[in-house]
Amino acid sequence: MTFERDARTALADGQLRGALRHATTLFGERRRAALATVPDWEGARDRARAIKDETLAHLDRYLEEFTANAERAGAQVHWARDAAEACDIIGRIAQQRGARTVVKSKSMASEEIHLNAALARRGIEPVETDLGEYIVQLAGETPSHIVVPAIHKTKAQIAALFADKLGIALSDDVATLAAAARQALRRRFAEADLGISGVNFAVAETGTILILENEGNARLTTSLPRTHLALMGIEKVIPRFADLEVFLQLLPRSGTGQALTAYQSLLTGTKRRPEDEGPDELHIVLLDNGRSQMLASAVTRQTLACIRCGACLNACPVYRQIGGHAYGSVYPGPIGAVLTPQLLGTGRSSELPYASSLCGACRDVCPVKIDIPAVLLHLRAQAVDRGAGKRRVLERLAFWAYATVMARPRLLEWLVRAARTLRILPPLAAWTKWRDLRPLAPRSFREQWRAGLRDQRDPNA
Amino acid sequence: MRVSLFVTCLADQLWPSAAVGTVQVLRRLGCVVEFDERQTCCGQPAFNTGYRPAARTLAQRLIEIFESSTADAIVSPSGSCTAMVHHYHQLFDDGGWRARARGVAERTHELSSFLVNRLGVEDVGASFSGRLTWHDACHGLRDLGIRTEPRRLLRRVKGAELVELPNAETCCGFGGTFSVKYPEISVAMLDEKVDAIERAGVEAVVSGDASCLMQIGGRLSRRGSPVRAVHLAEVLASTL
Amino acid sequence: MRSGDARHEILYAIRTNLAQDTSPPILSSPSPEGTGGQGVRTPIPRDLVARFREQLVAVGALCTAVRGETEAAAALARILTDAGARRVVGSDSAVVQRLLHAMGDGFELERLDRLSRDELFSCDAGVTTAQWGIAETGTLVLESAREQSRLLSLVPPIHVAVLSTRCICDSLGDALARVSPASHAVTFITGPSRTSDIELTLVVGVHGPQTVHVLLMEEA
């Protein structure tokens, strides 16, 4: 079971755990402080969720509206049914334009479809320009957090990495390291023929795509190269331009506690005059890759409301202990636990819905009120129905026995009494290795009730 | 006021003092308490693990049992089991059963919520000397919105000094079968909770769910800590 | 190469899946205090300018208020000198060009359309106007239909933005309602570029400017 194995590795990594505790605590505090300055946070959440529900209930119509408006403004819109098709479309566009240097700003969808590997097979090596993603790319690893992908690395590790890959002198001054990355990447920006970005929101009414960021690398990626390609999941569309307001109010505060990130780029088609700044071409790739399937039931559909803020990661007591890698995909934490099985159906899919104590902290902080525990429970029921996972046989037997006994109170009592008398305890090594097991009470409540509690009056009455 | 006790299988067999305490507190406040011996388990373990048909069968059983009671309220010493009953309607496609589920749920209350919100009482005449801290069990907190009620009750206990945990609202790591499916993660979460409890310098950690108390108490004793895990009902019933 | 029409298939898949769901929509649990539909606007005090200036400081931008272009040109010269900027690129805005040329000597003035990419990257400062300021958040709004300001507000490490107090609006929603659909690129700028990707330590000035200085033209 790979989730379990990777979780154990993470738990043994003291430095990782310290970094995760620090990051999640800090983001949680900043989020709470940001909310405190806002008069009707709950109202905003409700409104945002209502907008998402409305959109998803008519997703076909809004996608068509978005496409028509984006194309009218000069964009070329492509539709990709799955990861392979998306990689193919993007690869062909890159090759046709003779792209040698390709820069990329943050796009989780691009990692979902393993775009970099697909482009590499065509001899194209895109450079990640988001600092955290850049670090992770240089290290040959995968991101461990949605907002701070390299949170699992210390500055000493990054210093060693930069010294090795960029040839700079070892320094663990953070500003120096960031400056080194800036230097290295500026060259790439200057040379890039193609910029690939993600999309935070796509407005149907105007054909606009909106990209949020703090560093400026997305602005460079989308304004310098001659060709800009934006990859987006089909669920990113929202109906009206004015709807952007509530999402801009919710997302940065939820993710990092900022009222606004440093930059928002609202891009509508291509430049109106050839002499204007900006790319000559804008390609928008709409990605399905399993999203349309999730529309089939209300409980799974809400997964598509996610705006990728990362708040659930920061609130999750499980993620806090194990970080992102154990989730085995670009989507970690609570949202990852429900999105990955539904989108990617990877090997870990049968494990992920169970990797939660169902505490609900994620639901509390989700800006669009996704009831993640409800989706987890749905996926668990589905897993049982499909007989997924190897451990099912014994478990099915156990639950059959449990249901049988619980329907028969006398049988239950008899079994408990027998276990007590014979001192039989279930061999729960998974419990007793770390925790003492409370023994069965010498007299159960119902035995005490029958033996006199029933007829007692309150001595103080 | 007539109350029918929803004892919960866990309290019944593993933490009966919580159930006994519940009965004693209710009687002290003038309630007549009934106990229908047909009840067993609310089905939460099955529901949480994905065995919905089994959960549905047990839900139907519990609904029928409590429908037959004419008590004014059904009271339970468990936030998670109470929350399960409140979720029963999700188990049924049939409109009839959904309505019946909702009917029982409306009458079912967790103990602290019943005392403070239904009976309007905060001082239940309890005495329990020592420094205590409260652990918010997740379902009671987030599904039922129980946050201030236990604290208000504990603050009125004579001799008790209530200390707030910095991570009171953080999950203890039990999560039902999660605690044995992913024990290392469960214990990692648990240790953060137990570390905070030990730093708080208290004699007991109190909670409204026996499941959390088993998890926390089991680790406290394994770590050799003198801190006891005590159920809210035990504190409230105490008149020492 | 995949055959078949992806657009058609995706839309068909969406429609079919939507039709399958017969359950009532899951409304998120209604929030107890939620009024719904109102949004989160913090009430803006009467003095938008004061609020805007406060927010600029809070987000790490600098601000100099001036009256009239003579004062503005002198202030601009001071700002650029203090920041050590010599090679300065101004946008195609008439105001910007006037101010730059009124600054006096000591600067190498460049024009965007005459610079190669490498030359742009070696400039010290970019000067543009901003079409709007948002008081609620200390944000500058740049519209591509009005000015070529995208690269100048991004590439050089120092960005000076000339903004009239008449153009300060109160909220994000307000700004969204005002931006022109004729702009293919609208940029919202709130403070300097930043990152916390390394050990959550804040570094200011990553890929975008390290310094954002607003030259606020006070107008009645």
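A, B and C label the chains in the order they appear, each numbered from 1.
Simple rule for what comes next: contacts are C-beta pairs under 8 Å (C-beta built on N, C-alpha and C of every residue); 3 or more make two chains touch, one makes a residue touch a chain.
Everything numeric in this text was worked out from a predicted model, so none of it was measured.
Colleague: Relative to chain A, which chain's C-alpha centre is the most remote?
Modeller: So the farthest one, by centre of C-alpha atoms, is B.
Colleague: If I average the Cα coordinates per chain and compare with the overall Cα mean, which chain comes out closest?
Modeller: When every chain is reduced to its C-alpha mean, the one closest to the whole-protein mean is A.
Colleague: Count the C-beta pairs in contact for every pair of chains, then give the pair with the highest total.
Modeller: A-C
Colleague: Counting in whole Å, what is the centre-to-centre distance of chain A and chain C, each centre being its mean C-alpha position?
Modeller: The separation of the two C-alpha centroids amounts to 28 Å.
Colleague: Counting only Cα atoms for the centres, state how far chain A is from chain B in Å.
Modeller: 32
Colleague: Could you grab the centroid distance between chain B and chain C? Build each centroid from C-alpha atoms only and quote it in angstrom.
Modeller: Roughly 52 Å separates the two chain centres.
Colleague: Any idea which chain B residues touch chain A in the complex?
Modeller: On the chain B side, the touching residues are 7, 9, 11-16, 19-20, 23-24, 27-28, 30, 35, 37-41, 43, 45-52, 54, 57-58, 61, 125, 138-139, 142-143, 169-171, 173-190, 192, 214-215, 217-219, 221-222, 239.
Colleague: Quick one: in the complex, what on chain C touches chain A?
Modeller: Where chain C meets chain A, its residues are 1-2, 6-7, 9-11, 13-15, 17-18, 20-21, 23-43, 59, 112-113, 117-118, 121, 137, 139, 144-145, 148, 150-151, 154-155, 171-173, 176-177, 179, 181-201, 203, 205-209.
Colleague: Spell out the part of chain A that touches chain C in their complex, as residue ranges.
Modeller: Its residues touching chain C are 19, 22-23, 26, 37-47, 49-50, 53, 57, 59-60, 63-64, 67, 73-74, 78-81, 84-85, 88, 129-132, 135, 148-151, 153-155, 158, 174-175, 177-178, 181-182, 185-186, 189-190, 206, 214-217, 219-220, 223-224, 234, 241-242, 244-246, 248-249, 256, 259-272, 275-278, 286, 288, 292-299, 301-302, 368-369, 371, 374.
Colleague: Mind listing the chain A positions that touch chain B in their complex?
Modeller: 4, 7-8, 11, 17, 317-318, 320-322, 354-361, 363-364, 377, 380-385, 395, 399-400, 402-403, 405-407, 409, 412, 416, 428, 430-431, 433-438, 440-441, 443-446, 448-450, 453-454, 456-458, 460-461
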